[in-house]
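Here the structure comes first, spelled out in structure tokens, and everything after it is commentary.
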Amino acid sequence: MEIRVGLVGAGWMGKAHTNAFNNALMTFGPEAGKPVFEVVSDVSEAAAKNASEQLGFSRWTTDWKEVVQDERVDIVDIATPNAFHYEVAKAALENGKHVYCEKPLTLSAEQSLELAELAKQKGVVNYVGYNNVMNPANAYIKDLVQSGKLGEIIGFFGTYAQDSLLDPSLPITWRHINKFSGSGALGDLGSHLLSVSQFILGNIESVNALSKTVIKQRPVSPGSTELADVENDDLIVILANYENGATGTISSSRIAAGRKNYLTYEIQGTEGMVHYSLERMNEVNVYFTSDNSADRGFRTVFLGPDHKGYSAFYPAAGIAIGYNDMKVIEAHELLSAVTNNTSYTCDFEFGAQIDQTVDAILESVAKQNWVQVKNKGGVTV
Amino acid sequence: MEIRVGLVGAGWMGKAHTNAFNNALMTFGPEAGKPVFEVVSDVSEAAAKNASEQLGFSRWTTDWKEVVQDERVDIVDIATPNAFHYEVAKAALENGKHVYCEKPLTLSAEQSLELAELAKQKGVVNYVGYNNVMNPANAYIKDLVQSGKLGEIIGFFGTYAQDSLLDPSLPITWRHINKFSGSGALGDLGSHLLSVSQFILGNIESVNALSKTVIKQRPVSPGSTELADVENDDLIVILANYENGATGTISSSRIAAGRKNYLTYEIQGTEGMVHYSLERMNEVNVYFTSDNSADRGFRTVFLGPDHKGYSAFYPAAGIAIGYNDMKVIEAHELLSAVTNNTSYTCDFEFGAQIDQTVDAILESVAKQNWVQVKNKGGVTV
Amino acid sequence: MEIRVGLVGAGWMGKAHTNAFNNALMTFGPEAGKPVFEVVSDVSEAAAKNASEQLGFSRWTTDWKEVVQDERVDIVDIATPNAFHYEVAKAALENGKHVYCEKPLTLSAEQSLELAELAKQKGVVNYVGYNNVMNPANAYIKDLVQSGKLGEIIGFFGTYAQDSLLDPSLPITWRHINKFSGSGALGDLGSHLLSVSQFILGNIESVNALSKTVIKQRPVSPGSTELADVENDDLIVILANYENGATGTISSSRIAAGRKNYLTYEIQGTEGMVHYSLERMNEVNVYFTSDNSADRGFRTVFLGPDHKGYSAFYPAAGIAIGYNDMKVIEAHELLSAVTNNTSYTCDFEFGAQIDQTVDAILESVAKQNWVQVKNKGGVTV
Amino acid sequence: MEIRVGLVGAGWMGKAHTNAFNNALMTFGPEAGKPVFEVVSDVSEAAAKNASEQLGFSRWTTDWKEVVQDERVDIVDIATPNAFHYEVAKAALENGKHVYCEKPLTLSAEQSLELAELAKQKGVVNYVGYNNVMNPANAYIKDLVQSGKLGEIIGFFGTYAQDSLLDPSLPITWRHINKFSGSGALGDLGSHLLSVSQFILGNIESVNALSKTVIKQRPVSPGSTELADVENDDLIVILANYENGATGTISSSRIAAGRKNYLTYEIQGTEGMVHYSLERMNEVNVYFTSDNSADRGFRTVFLGPDHKGYSAFYPAAGIAIGYNDMKVIEAHELLSAVTNNTSYTCDFEFGAQIDQTVDAILESVAKQNWVQVKNKGGVTV
């Protein structure tokens, strides 16, 4: 079966998605459907045209509305900056399209819940690109937790830190302006960590957070002496209580010197512990109190065919998968849902869950106090 | 010059201190004075007697009061459980003795401030055994911070975790009862991390904390089915704001599976980052944004003669120092203060500072809200 | 420009190559030509048919001769077991095709030199799949060496170890029979390490080697009690002198418990050192004696846009590339050579160089003595 | 019981030994005897005098002969440069003293075998300071090997590398002149690795080695332009066959940039693997093929009370021991042998075994070929 893709936003992620669709076919085989690259849109004509050629789309346009209305499109793939997700996704859903939307789903829990509800009504596939959930490492860790091998879960301690915006001479972008981004490091990076934490441990109940804007102004353009205000968090730290009784901290930074892609966390249980860092993507460290005491220590487990999602790539353990491969597994799961009606984790309800946690965190920062996460699921507010 | 030591409490630390005095002499030479082991006391006669023989004290007693009053004693060395520090230290100070007291200084900031004030009046050396401050790694890191090589300091993220009390069949001890211990993981382990953080960054301004007692009851004795309540934190997590503008998290656990001596922290600056773990005691990881970009990465620096305190042990870098060596440096600094009136970091005021932070954290747990640390220095409350 | 590919051998590597051609286009853009999947052959009809569907070849056949003679084929891509490389490559060259051949090039230096000479005569692109050479990490390390930043090169110490054949119940395969494989761990894994070492340091002058077959017999089929002899090295260790004056060891094993994809090496220079392990593919460790001594240590450098080959994948450092991405860079370099006549490293002469080292190592094992590597280049023996 | 020590050579090791005797008493208790520091000698009057004061010896002298003849001396402790070991040890043995001699035992296997034989005749304790053998990590690894947990042993791959002599401006010393040192990196560092390898795996059968002097001349004194020849190996690499059937490589360097105390090795077995580095002294990495496959990986085991020698230092795992602590365990084992006639590993026969391996390696370098290790035990040549 052919699945016709209409892409909105032909930047980094637009390219990554298209790549991933292609590789999903070659990696997992054609049972999940064969992606066909129907139409690509971007506000930048050059970007749209170029994507059309390089990525192999049949047509291009600068008007995303054409994409969501196009009869020849099955999936609308949204890879624009955050602020446009809501409008495009809503229109796509209203036209009965399946929707594949980059994270975060929207700029607020309210919008996200609305989209989740709408998607449910329409009965279409609704997928948010929280690709870390598709990382075989995180799937393996979820198995460890759910199997009870780590005992009762006590704590989750995680951070997602990068130094991408540490240089104060980097100019202001949409990421620094709340009406375009919703928040700073929290929504951009922290949301990935939240997605992993909630995928594994379930909902967060309450949060208490503290945020900081270290670089308070940035040039309006490279080299300019005119400065504009940075509106959101460079750095955020959060205490969290989970519904399952676990507790811990979550933090995120876009100005952490030396951290490149440092999504890292540990999960403590009464009978074991696991820790992981995306910077060493192919290694999971796990400790079992049941090992005999003289020989007990964290085991460095390399990802391999025993871990869900890996074997489609390589026949043996320890052969490195990369970031893009998470997107390949994601694209395959999405195609599979469209073609074979299989279930998937990162639906809009999941996306709305993350956005509700984000909202509670922002509220906590403002109130300087504990805030309950609303955790409404799938119903219009 | 001979410095006559009177030891109170001949357990693990009592032995470690005596060992350290001896090694201080042999490692650093006699300029700081020659320790003489005058008298040891322990409530357990066997312990006192045994220590006298094995550690080489001239006399032993089961009554600590004899020690604090003994004219032949210069330094009273207090290595009893926490609850006795205050009483013994106070009596020793009143008798005009120099005092070397294990951490935490007392069970409350109030007591500690009182002792600090008294010590100041008496003009004697007053030293708290926060030995991590003497670790050449932490001294090096302080240098990195103070030199400005890391830029402006943004954040401190640290934890001190062990799994020593993870096994629920371990019986109740004084560590679980607040009137003996003051608090749980916080005072026992967390205070070490606080000492390092405050040594390097200065005072903490405000805290917001969350604690958990996971193993709520323990056998009254090994194998017993009779259970007693655990009164304090197995696990604690804290948001912190520093007076210097930095922010971050601090946590501590005595039930973290797989963690043995995991005192670890990172300090983020606008021009660099440093991270460290006591489990890899001889390595400091530091990153400088000024390194040229293709070759930039965390440097794994082995401790060596360039780092304060190391060269007395070994002539070349990378030869492992151990935990006890922190105590050796500590004992030497203390002897030096007594003999040559040199300055030192961990005086009672410093100890009271830590205890004030601890008190604020406990108050925050109770109030479930932000609490200001009092940060009174050297004055009776 | 379209480049029409004819694939011979549709196993793991056949799939990986086709994937790589596709991704090369999407990753690097169309300037290097657009691969078209013309025809695939495999002795197994099922494999050929399946590849045709899943990988998107227009036709399939069970007769590789059809592929090498097909006028619609520009590149013959050889991904069969080693023993067939020579025959297929020779026929392809004779038909004037560009040839992309998996490593090792053939079963002997003699055959490889013959092919190298023939390719030169025909003036076609002749490419051997030593993909580790395309790893941005190894390219970066070559830069470090050639820039002189590490000083004069003293030594190279490397190993490539896996435990894929440690289990003695795994049955005999072509890999254990010399007429099909040429050698054991040496030709299969060791040759990759040799390719990296020679890419960076140039030719090896002399070798002295020792090999071992630990599992001397294996079942003829899974579960069978009938056993067949393993003819070649499970484990090999080699002393080596390089033409540039460096010295060191090389080893390889297919029975090293716990090693998954442990291609690791260090290069020692008079002013620095670099070490690397493919199991942590995205990290290079480099040490410069010129760093100031208190802050000196191995730097853990994450691959990023500063390192050749990386930026086509990701816009920022530390986002993991994977094994397949080496093949993508390889496929792009190959396409580029066909389309734009650009130069490339892993030509058949390079392949013959590796095979000459392998031959000398095998001779050394037999003679139990030092053997000079012939290092003839590009001329028929 | 008092054990009276006469020290010859009051440099780094002289101090370390005396320290170790003291700590042995305090750490392990008095059952093994109480060391008394009787007399110290050094050719340098200042060194002897200073040691006497700082280390607490009753007397000092510049004539070592006084020490070996002194009736009040029980143990002659030899910590001079290598070239003097033979003469002093021989005289001490002839005077019926127990002898504690630093490694390597002498400058040749012949001398060492003679001393071993003499010691046996005299029935005294004869101890060589191969302290790595006393490292709890290596003892634990020996247990792993001997218990059969790693299966049949296949290979040993080790190196001992430092960069202490990488700087070419460092002047010539006795270490560079064979009549004083016997060899270069091999005897100084490599012998430590050999001691560990032979302690764990037993004798080496045959060797094939290659050595290099990279810095061929050095200033006769700091800053001088007059140069003297370096006579021995900066770097040595060795193929080795063990009597137990294992095979592997051994190497050593004193000019390996970035390596500080890099004594590292791995032992491969058919059912597991262990690897270790002295730079991370408190961690052993072990892999068992019997772990279930999804959760299998190298375990990072921190030293703790389960490992022989550790519990005298600390009550819990993961509290770092240091280099000096190996000497403490060594001194205790030695005292114990003197006082209680207990057995010990590093006797002169063991020392002679190492020296025979060293001799065979040097012969192999000269002959450029395989050489059998003589492995004579305890008999005059």
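Letters A, B, C and D name the chains as they come in the text, with residue numbers starting at 1 for each one.
Definition applied: a residue touches a chain if its C-beta (ideal position, glycine included) is under 8 Å from a C-beta of that chain, and two chains touch if they have at least 3 such contacts.
As the structure is a prediction and not an experimental result, all values here were calculated from the model.
Chain centre most remote from that of subunit A: D (centre = mean of CA atoms). The distance from the centre of subunit A to the centre of subunit D, each centre being the mean of the chain's C-alpha atoms, comes to 54 Å. Inter-chain centre distance (subunit A to subunit B, centres taken as mean C-alpha positions): 42 Å.
Chain centres here are Cα averages; for subunit A and subunit C they lie 35 Å apart. Residue positions of subunit B touching 2 or more other chains, listed in rising order: 259, 283, 296-298, 302, 304. If touching chains are joined by edges, the resulting network of the protein chains shown connects every chain directly with every other. Listed in rising order, the residues of subunit D touching subunit A in the complex are 140, 144, 149, 283-286, 288, 291, 293-302, 304, 306-307.
Residue ranges of subunit C in contact with subunit D, taken from their complex: 150-152, 154-155, 157, 159, 163, 166-168, 208-210, 212, 214, 235, 237, 239, 241, 247-249, 251, 253, 255-259, 268-273, 287, 289, 297-298, 368-370. By the touch criterion stated above, subunit A contacts subunit C in their complex at residues 12, 15, 18-19, 22-23, 25-27, 29-30, 53-56, 162, 164, 259-262, 278-283, 302, 304, 313-325.
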